[in-house]
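Look for subunit A in each of the two complexes below; its partner is subunit B in the first and subunit C in the second.
On to the complex of A and B.
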């Protein structure tokens, strides 16, 4: 017998409690996991979530990692509202990074103001283009975007690998697969001496505000969410489903591409194979945990950045395996999806005793 | 009573020789079922004797369907008892119900279109079967009860009436002692209804009890021996329908007299509001019906009705008229402007309004507020958006005016569309479309699933709209409704449209003949 029954109205409380429940369960299972690895859970949580924030460098790293996550998740959330599931933001990020790097590499030595804006624009165009391919495939061949976006991520990875191994390899780089180090005109300015946090964070802040206004007030966002919630109603109203597909995938590709430009023109400072620690994938979780809401995403992006930093700290201080970061990300999404079921469903109430007795009699 | 008479009586009843025939086949006592926020069945009792045709009468939302689901085991009651042939019984699930001898024909069929009649029936059998032998049984049972069926036909090639026969034969193969039919005539022509009634009377004469759920009073008077009337989840009366008038049954059902619509004369200009010229269109749905050379004029000031059973091209015609499917530019004209190539939004810009059959999911987004649902089509009204940004205050204001003007019962403009009853949501959608001041308005199944009071309000609203100079086109399966509100009636059958006749020059009988496509005439 099914355990759940549908609710008459979706529970608003559960909608916002679900991420908190998911965080709680993740911490609980995390504690059990630490315990079974013979690490004191209290100490582990201290190393994971408190210690990194005891230094200004820790805060700088937190913002540095949260910024691309939040930026990408804003774009993804827009598509998710329309039920366009772009899970290839990682690939769009890489192509954005490649295009931005192209600008930096070919303008190398030109100490002019336009190099950095040019990189950001090139990154945006590259990411948007990589998102436009699945949009075209979907509108012309009805190809499932979940598959095409994911597969194009592998294409982007191979493209990056070829570029840094052959045409763009640093001639003075002792054959390492990486480009030249970019010079200052191709890098975001650092905000504080000695910390890696840079001015690219303002792009994210601007994006949050723009998406907030766009999602809450624009007619286009309204059309997108109608298309996601009730495709037949969008069709009935004459809203174009093709437009929704194009907008969702191009905008989410664009934000991922800018994030990619932010990485190569920021903390990484060159084009390398390991320029993203899976931001494109983690941003999917960020978007869901943030309830697809532009401000919710800010909070969940910070949480996800903490998991990244905590995972690094855990490896160093507690000799935990590197898989611990992915494990926490996975648990968070897993428990969130589980808790989300209770937004529209609730546990079935037990039948009155009298009837149970009759049934067994 | 001696054993002899006992036996012969049981033989008369046809089945179950061990039972005393005076015992009710089914008796419900004090059945109660609560859902969050509503009591669907409140202390409901009724009993059905062997061979009795018993009507359960009530309007939409009266709790009839819930009660039948409890009998059939798809829903469990919160309280009360169910006695089956005199023994207290718990029906845990539909399989248990079938094992007891309870069969149910649902209002909406559950058939696989790509399978044959026999295969569909085999799927519902709980016991192992042999397809060939089953086909023979299907044929013999269907002929015995005047429900002729070819066991090897694919279901998608069957008319709606024939599909219903498949459902009934499926039940009969299991030798039911009780047959439940939920609104079985909503998809039938008047002629097919008569044939169905013959079959049901034959079954009753063999001792099968029949529970007949309907809100159509004249059918119940014609067919049923007794009736239980429900209103708001409670039983409001037991009656012998043959001794009651439709008026007295209506009062039991809705608590007052049936409302009647007024159609005043129209004197304004009667230019053509909506015209269809020689329209042929292939259906996108592989099992859909293609439209063949359809022509139709709807003038300002009149209500034109299209009768016919759904599945005869209704969905296809609506898609072409609304712009959800585009066709040749000159095939559809709105106020003499060719619009065939325009999409739904562009046609609305030119003054077309459309109320679809599916309210939740098409006419309205279920989880969105009424205010947001107003934006679905009202965004083109002045002041609703500036530079691509929505004006939420204006939206709420629009929704509020719609709620007041069309008497929508809800908790204000912020309540979610899905929290409204069918009738109130329909009033909101119709109101939203009327408030766009359309030139032509298309309404599909305006009162489907709507209670009597709201139906009357909606019908009168459509008549009044037409008399304000709008061309109104109504597509409906309910013949009574079309005769009540329309000035002219056409019939859509198998993708072809008959000429629209003034309603004074036609009647239900001849419309019914047009409705019955070729398929049903062959077997009739």
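On to the complex of A and C.
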């Protein structure tokens, strides 16, 4: 017997309050955790959430970290609203990074303006293509996209591993699996001297605006949502649920691919085996915590970046174990999903018999 | 944000501002007293300190060096730092927070450290296992191949099938050298011994390391070595009743029967003089490659399964290396296609070993290219 029953009218206020409650509970349990590690919770929160914002370098690092998370989450949210669950943004990011690196490697030394735009476009196409494969599998064979997108991430990892070990390996790199370092024409320009934040952040800003307008104004966005949530209704209304699948997966692949290009043409500066610290997976949490809303995602992306950076800062300043980062991310999603469950459902208070009686009365 | 948290955060902020203000006053008063302050040094680790292998060995060395320097140096570490763009942020952060020496303990930190070293010319940067250097950027490593050779001698004695297995991380000179040294050691006892290699493309992934070990065992290998960072291979060997070795650290508690011996790294012999020089203000970047002779690597922790004569033989070889009478890469050496790579009577130079990129006779397969 299920313990929960759906609420007839889930509160709109509570839907938006849920992430705040989740953040509050995460901080509360986090405080207990710090306390048990004999670290003052206030000092720990200061190191996690305030210290990084006290220097220009801290802001630069925060934006640099949040940017790919926000960009990927925008694409994912579009699909999630339509109940198309792309779990494989990590793989799409890697393929985007691979395609962008291909442009940089084959044009190495060419000091021309088109190298960087070419990398971004190649990254977008690569990511979109990696998203299109599960779309095709779903529309033709009804293959579950949660599985196919995730499995294609492993394929992307192996593809990357082969490329950096064999054809694209740096000949002067001591046989280590990584490409040459890219030259300046293949890198985003730094915005400020001495800080790592670069012009790729404008792509993310543009993406946020485009998605915001697209989601709130466009009929296609409405069709995508309906097509995913109620295929029969969509069909009746003349919308195509196939179109929903294709658009959701291709667009989320595209944003992840651009994020991949932004990493290799940004702070990493070469193609390496370990270029993403799991941005594709973290972006799933970012999308949910941001309520699948383009502006909400901006806030949750910044929060997630803070947790990443704070985890390292906690190690540097307080000698906290590195597992804290993962614990914070996990708690945040856990409490959010828990809060969401209670927004949409409530505990059954009466025995089913009484309910049936009431329903038939 | 709940209001109680907000209030306490505001309080914390106020407190910090006050602290900062009083610290500024104090430091203005006590300019001369700063000489007594310990010098800060930081370590960047690829894995967790509890990996019981590579990172663990570094951490043991860090603690020992700090203790022996008796308050002259205060060290801290950051663990699980991925070889991504994050490495640069962490290293930069450590330099900005007043560390006078930073040790990065994985090859993949090289480019990040090179960038940060440029912006902090007064900080001493030391990178383990890399090859790039600069005015304030040196390298250090242990001659792990000497350890691998000694383990190979034990493997040659103990293997019944003559089939050995190695779980490799990445086909870089360091690892290929170790596979070769292990094989050379084994064939000095049993000239028919052969080595199979499985590459896992990671330094630390117990799941993958275990899978590779099980595959090697199923192919008939009865003594395993690994050039990865966790004790997963020793655990797998213990389960399947074959032999293995502790690598970088003692791994007895993961396989008391399986572990024949361990090649243990003693990083403190590098860290102590480096930190001492930093504290004294006399540090200069160098390219350190310390071996058995320096006490940086040793064969230790012989297991209950290892007969006394095997232990004695391994220790004799160690003493010969220490005395400079034995070098694992002494000719005649052939590669595994039969081509001579080191002529009789010659030994491979450090420069040659630094670029080592060939399997010696007895290692099966080809190096992934």
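Things to note:
Rule of thumb we're sticking to: the second predicted complex is superposed on the first by the 339 of 361 C-alpha atoms of A that agree within 3 Å, B and C clash if a C-alpha of one lies under 4 Å from a C-alpha of the other, contacts with A are read in each partner's own complex, and residues count from 1 in each chain.
Heads up, the rule we're going with is that a contact is a pair of C-beta atoms (placed from the backbone, for glycine too) under 8 Å apart; a residue touches a chain by one contact, two chains touch by 3 or more.
Worth saying up front: this structure is predicted, and the values here are computed from it rather than measured.
Once the two complexes are overlaid on the shared chain, A:42 sits against subunit C while remaining clear of subunit B. When subunit B and subunit C are set side by side, the one touching more residues of subunit A is C. Within the superposed three-chain model, A:217 lies in touch with subunit B and out of touch with subunit C [touch as defined at top]. In the superposition on chain A, A:142 contacts neither subunit B nor subunit C. When the two structures are aligned on the shared chain, A:189 is found in touch with neither subunit B nor subunit C. Using the contact criterion defined above for the overlaid structures, shared-chain residue A:319 touches subunit C, although it does not reach subunit B.
Once chain A of one complex is fitted onto chain A of the other, the partner contacts of A:232 are limited to subunit B, with no touch recorded for subunit C. When the two complexes are overlaid on their common chain A, residue A:10 makes contact with subunit B while staying clear of subunit C. No residue of subunit A touches both subunit B in one complex and subunit C in the other.
Residues 7-10, 213, 217-220, 222, 226, 229-230, 232-233, 235-240, 351-352, 354-355, 358-359 of subunit A touch subunit B in their complex. Every residue of subunit C that touches subunit A in the complex is listed here, in rising order: 1-2, 5, 8-9, 11-13, 15-16, 42, 48, 76-86, 88-90, 92-94, 96-97, 107-108, 111, 119, 131, 170-173, 176, 201, 355, 357, 368-369. Within the complex formed with subunit C, the residues of subunit A that make contact are 20, 23-24, 27-28, 42-43, 45-46, 49-50, 55, 57, 61, 64, 161, 165-166, 174-178, 181, 194, 196, 263, 266-270, 272-277, 308-309, 312-313, 315-317, 319, 321-323.
Within the complex formed with subunit A, the subunit B residues making contact are 35-37, 76-79, 88, 90, 92, 322-324, 343-348, 354, 356, 358, 361-368, 372, 375-377, 379, 385, 388-390, 392, 416, 418-419.
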